[in-house]
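Two complexes are shown next, each including chain A; its partner changes from chain B in the first to chain C in the second.
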Partner chain A sequence: MLLNVSDLQTHFFTDDGVVKAADYVDLTVEKGEVLGLVGESGCGKSTVALSILRLIPKPGKIVGGRIEFLSQDLLDLSQRAMRKIRGNEISMVFQDPTASLNPVLSVGDQIGEAIRIHQNVKKRKEINARAVEILQKVGISDPRDRLANYPHELSGGMQQRVMIAIALSCQPKLLLADEPTSSLDVTIEAQILNLLRELQQDLELSMIMITHDLGVIAEISDRVTVMYAGQRVESATVTQLFENPLHPYTQALLEAIPTTEHAVTTIETIPGKVPSLVNPGKRCLFSPRCEIATEVCKSTLPESKRVEEDHIVACHHQGGPDRSGGCHEE
Partner chain B sequence: MGKNKAAVVGGSVLVILIIAAILAPIIAPYSPREMSYGNELLPPGSEGYLLGTTSLAQDVLSYVVYGLRISLYVGFGTLLLEVALALTVGGLSGYFGGVIDELLMRFTEIVMTIPPIILLITGVSMFGTRSLEIIILFMALVNWPWMARVVRAEIMSRKQEPFIEEGRSMGFSELYLLVRYIFPTVLSPVIVLGTLDVAWFILYEATLSFLGLGDPTSTSLGILVSMGRDVLTSGWWVSFIPAFLIFLLVISLNLLGDGLRDALDVRENV
Partner chain C sequence: MKKKYIIRKLLTAIPTFLIATIILFSLLHIAPSGPVEIMVRSSGKTMDPGMIEELRSQYGLDKPLHQQYFRWLSNFFTGDLGYSYVTNQRLNSILPEKILLTLELVLVANVFSVAFAVVLGVIAAVRKNSFLDNFLSSFALFTYSMPLFWVGLLALYVFSLKLGLTPVGGVTSLGKDFTGFAAIADNLYHLILPASVLSLAYLAYYFRLIRSSMLDVLNKEYVVAARAKGVKELAVIFKHALRNALLPLITLFAVSLGFVLAGSVVIETIFGWPGLGRFLVTAAFNRDYTALLSLNAIIVIMVLFANLVADIACAYVDPRIKY
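Entry: the complex of A and B
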């Protein structure tokens, strides 16, 4: 196992109270595997990714849990040791490449600096050769000519390719992709997803793909973890999740995907909104929006249960009274 | 548009003055303090003395081109030191925030409460031998707080940008991010403020020299203005010509600074 996050608790200590942005989150990533992390905005997906890199901004803090990477707990490491992990062993691709690239450094300099710092390569020629190689891998044509370009001279799709090139510059073992395609238009999105898939297979890379788009998940992931309001509600392989979603939230998400089978007059939505994460209380956090919620949902936090190999769900009803979850006759 | 033209004029005048200072040994017919007895107080246009002579029979043209060197040296020398201090204090303060910010900003405010000219005069007169470097040191010590506050404010707004976070996610140290990622983004306001400050430094140095607190061994424009004070009625050019050069330097720097402020889109009154 490459990464094993268990009981991760990341809280933000705001003036309004403690926001539990990640509350007892478990997830695992095997070597060479792509884990999809899904949920709507503000459910704590990015918080989990930033926690893995220990880059939670103030007033946030990781208050509990373990983040085991290659059998060592990242939470035990010093800042200095952690810096050697970031960009070198684990790196991240951000959502908005235009804002996430340094505007005053050329493409070559930005790819080169991680190589220079982490891999102790000092010769400019060698750094440039490595940068050209990586640019080629991410599908940029005339890579040698691109080294001197500045980010603003490139298109959005090209910028995201450069971001990926930077992230992969030191051959990391784990790539955290935080909605890497949501600021791109649809054709470019498909190209970038294909690229990530190819790179992931060629380099035997492990990846956490963070997205709110189940289409992206279906395209690229091996397994999926669904988050709601800072908690993991379901975790399964892609096939299991799409064929047999057990959590009402997952079911609602899947129903909300517009299909082309018949003319769409209304788009399915999930009524209500994500609850405030300040003092959410002891209950199923999805219960106010859940169609099958009963009394027990409003008073007790559901525990995560393993229903089959690789399929974990945290629901009192395991997806509905009509499904054979085997628990509930009150 | 009007401001842009003014900036171009200011910049051009400044470039001409800088070239004149660099070419001083070629332009100046005499060494700057050389006295040729019998040629005292010749008016401008005299044979061999284009801008006239002083009451000590020194060539004014030779004196002022070397004086330009002093002014520019002091102006830009102080700027370098001021920028170094401002980037250090403002940078650490704005980037790290918290206790560091509190301490450094309170210290900055204390320095700001001291009237600059008084600290400057006291500081400079503490030293028996007054060199240009001591003047530079004290002018920078007196003036960095204003620039430091601009740098701090700018950095506080810049440090939230996603590309800083991206750099952090690549494992770069905070100091590396500050120097390589953040400093370049605060260059615009520093350039604008710096250009205007250079004008002040040139004026300050001239003022100190005029008051007799400059470097007595230098050929400062301020010293020449002061020398001409005694002969203002009989030899107006001795004071007027260096004073006019100071005026040219200061106004061209101000025009350039204002133009850059517009061009680089730096908000006013930071």
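Entry: the complex of A and C
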């Protein structure tokens, strides 16, 4: 196992109270595997990714759990050792490439930085040669000329390719892709997804693909973890999840997959919103929006149960009494 | 490309200069009583109206206003700053030294305050809400809201009168003929207190700007992205964040030159520093039309020049600005 996150608790200590953005989250990634992490926005997906890199901003803090990467707990590492992991063993691609590239540094500078830090290459020429190589790999034409470009001179799709190039420049073992296509338009989105899939296969890369769009998951992942309100509600292989979704929230997500080419950010088929993560209380957090919720859902927190090999769900009803027809009806 | 950009900026400065000097000229003439009246009144003697008229025509003050303005303007651009009614001296012979003295004071104060403001502003932003940040921020607010003349007088009282560490005023020690290195040292010895008081005032102002700009930038996604690459925290702060934080401030520094010069008026008056500021105050009290106009025109040019330099500097450090 490459990554094993268990009981991760990441809280934001805000003036309004403690936001439990990740509350006892478990997830695993095998070598060469793509794990999809799904949920509406505000469910804590980015929080999990940033926790893995230990880059949770103030007033946030990882208050509990373990993050085992290659059998060592990242939470035990010194800052210095952690810096050697970031960008080198685990790297991250962010949602908005325009915001995540530094506007005053050239493309060459920004790619070269990671190479210089982690690969012990000091000569400008050699760094540039490696940067050109990696830019070529992510499908950027005339890579040598691009080195001198600044981010604003590139299109959104190109910028995201540069971000991917930076992330892959030191041959990481794990790539955290945090909604890497949701700020791009549809045709570019498809190109970037294809690129990520190709690179993942060529480099036998392990990846966590964060998205709110199950359509993206179907295309690229091997397994899926579904999050709701800072908690893991279901985890399964892609086939299991699409054929036999057990949690009512997963079922609703599946119904919300857009048939047209338009992505959605909130699920209109389920009334209500993600609840406040301050003092969520002892109950199933999805119960206020759930059609099959009963008294027990409103008074006790459901435990995670393994129902099949590789299929875990946290629901008192495991999808409800009439589960068989649950997700197929229109 | 760059040359064209500079020329375009210079051309847009011309109308600004004309408008500023016309407004100045009009304001001076709207103010009640002119230089001759004030001279007569302060001499305490009575003078017959004929004499007053004669003096006015001697100074060209009886001509129509637009003629007076254009005469001043053409003189100014041929390098003739005019004549001070009050000191009876040609401005060309007294102003250059005063300009240099003010520039010395203002530049030294600025260099120190910007340097300290950057260091302290960055520390405060990085350690947001820490004891140090709270202390620095309150101290900045405190000095920022204190009247400059009061701080000046207090410093003079403590450091010069009570402790005897610094001279009471002036630019050089009177009656001593230092040369070379000693002269410079003597001048710096006189400069240190007024420059410190002045830079304290700017420091508070710049500190607040840099702190808030830095806080803004530290929350940007590219800062997180830099950390996610494994960049060391110091490099994150100075290479990735500070450059972006200083960009919007370059123009602000230039715009605040007017404010900076206003501060030097107060300090020069208190510390007997015979620069532009003190001269400006005397000239204003005596309605010294030409002196005020020429002096203010020079200040306008300095502000425009600072803006030009800032524009060029911005275009140089910010790749997003097109020439």
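The working rule: the second predicted complex is superposed on the first by the 311 of 330 C-alpha atoms of A that agree within 3 Å, B and C clash if a C-alpha of one lies under 4 Å from a C-alpha of the other, contacts with A are read in each partner's own complex, and residues count from 1 in each chain.
Note that in this section contacts are C-beta pairs under 8 Å (C-beta built on N, C-alpha and C of every residue); 3 or more make two chains touch, one makes a residue touch a chain.
These numbers come from a predicted model, not from an experiment.
Undergrad: Determine, for the superposed arrangement built on chain A, whether chain B and chain C clash or fit.
TA: Result for chain B and chain C: clash.
Undergrad: A:Val104 contacts which: chain B (first), chain C (second), both, neither?
TA: Both partners, chain B and chain C.
Undergrad: Would you sort A:His152 into first (chain B), second (chain C), both or neither based on which partner it touches?
TA: second
Undergrad: For A:Ser91 in the superposed arrangement: first (chain B), second (chain C), both or neither?
TA: The answer is both, since A:Ser91 touches chain B and chain C.
Undergrad: Would you check which partner chain A:Gly139 touches, where first means chain B only, second means chain C only, and both and neither mean what they say?
TA: Touch status of A:Gly139: no partner.
Undergrad: Please work out whether A:Leu53 is in contact with chain B alone, chain C alone, both, or neither, and reply first, second, both or neither.
TA: Both partners.
Undergrad: Have a look at 61-69, 241-249 or 277-285 and say which bit of chain C overlaps chain B after the superposition.
TA: With the two structures superposed, the offending stretch of chain C is 241-249.
Undergrad: For chain A, what residues appear in both contact lists, the one with chain B and the one with chain C?
TA: Touching chain B and chain C on chain A: residues 53, 55, 83-88, 91-92, 94, 96, 99-105, 113-114, 117-118, 163, 166.
Undergrad: Applying the document's contact rule, which stretches of chain A touch chain C when the two form their complex?
TA: Interface residues on chain A, with respect to chain C: 50, 53, 55, 57-58, 83-88, 91-92, 94, 96, 99-106, 113-114, 117-118, 150, 152, 163, 166.
Undergrad: Given the complex with chain A, which residues does chain B contribute to the contact?
TA: 161-163, 165-173, 176, 180-181, 184-185
Undergrad: Quick check: in the complex, which residue numbers of chain C touch chain A?
TA: 128, 219-222, 224-232, 239-240, 243-244, 247, 317-320
Undergrad: Would you mind writing out the residues of chain A in touch with chain B in their complex?
TA: 53, 55, 82-88, 91-92, 94, 96, 99-105, 113-114, 117-118, 163, 166-167
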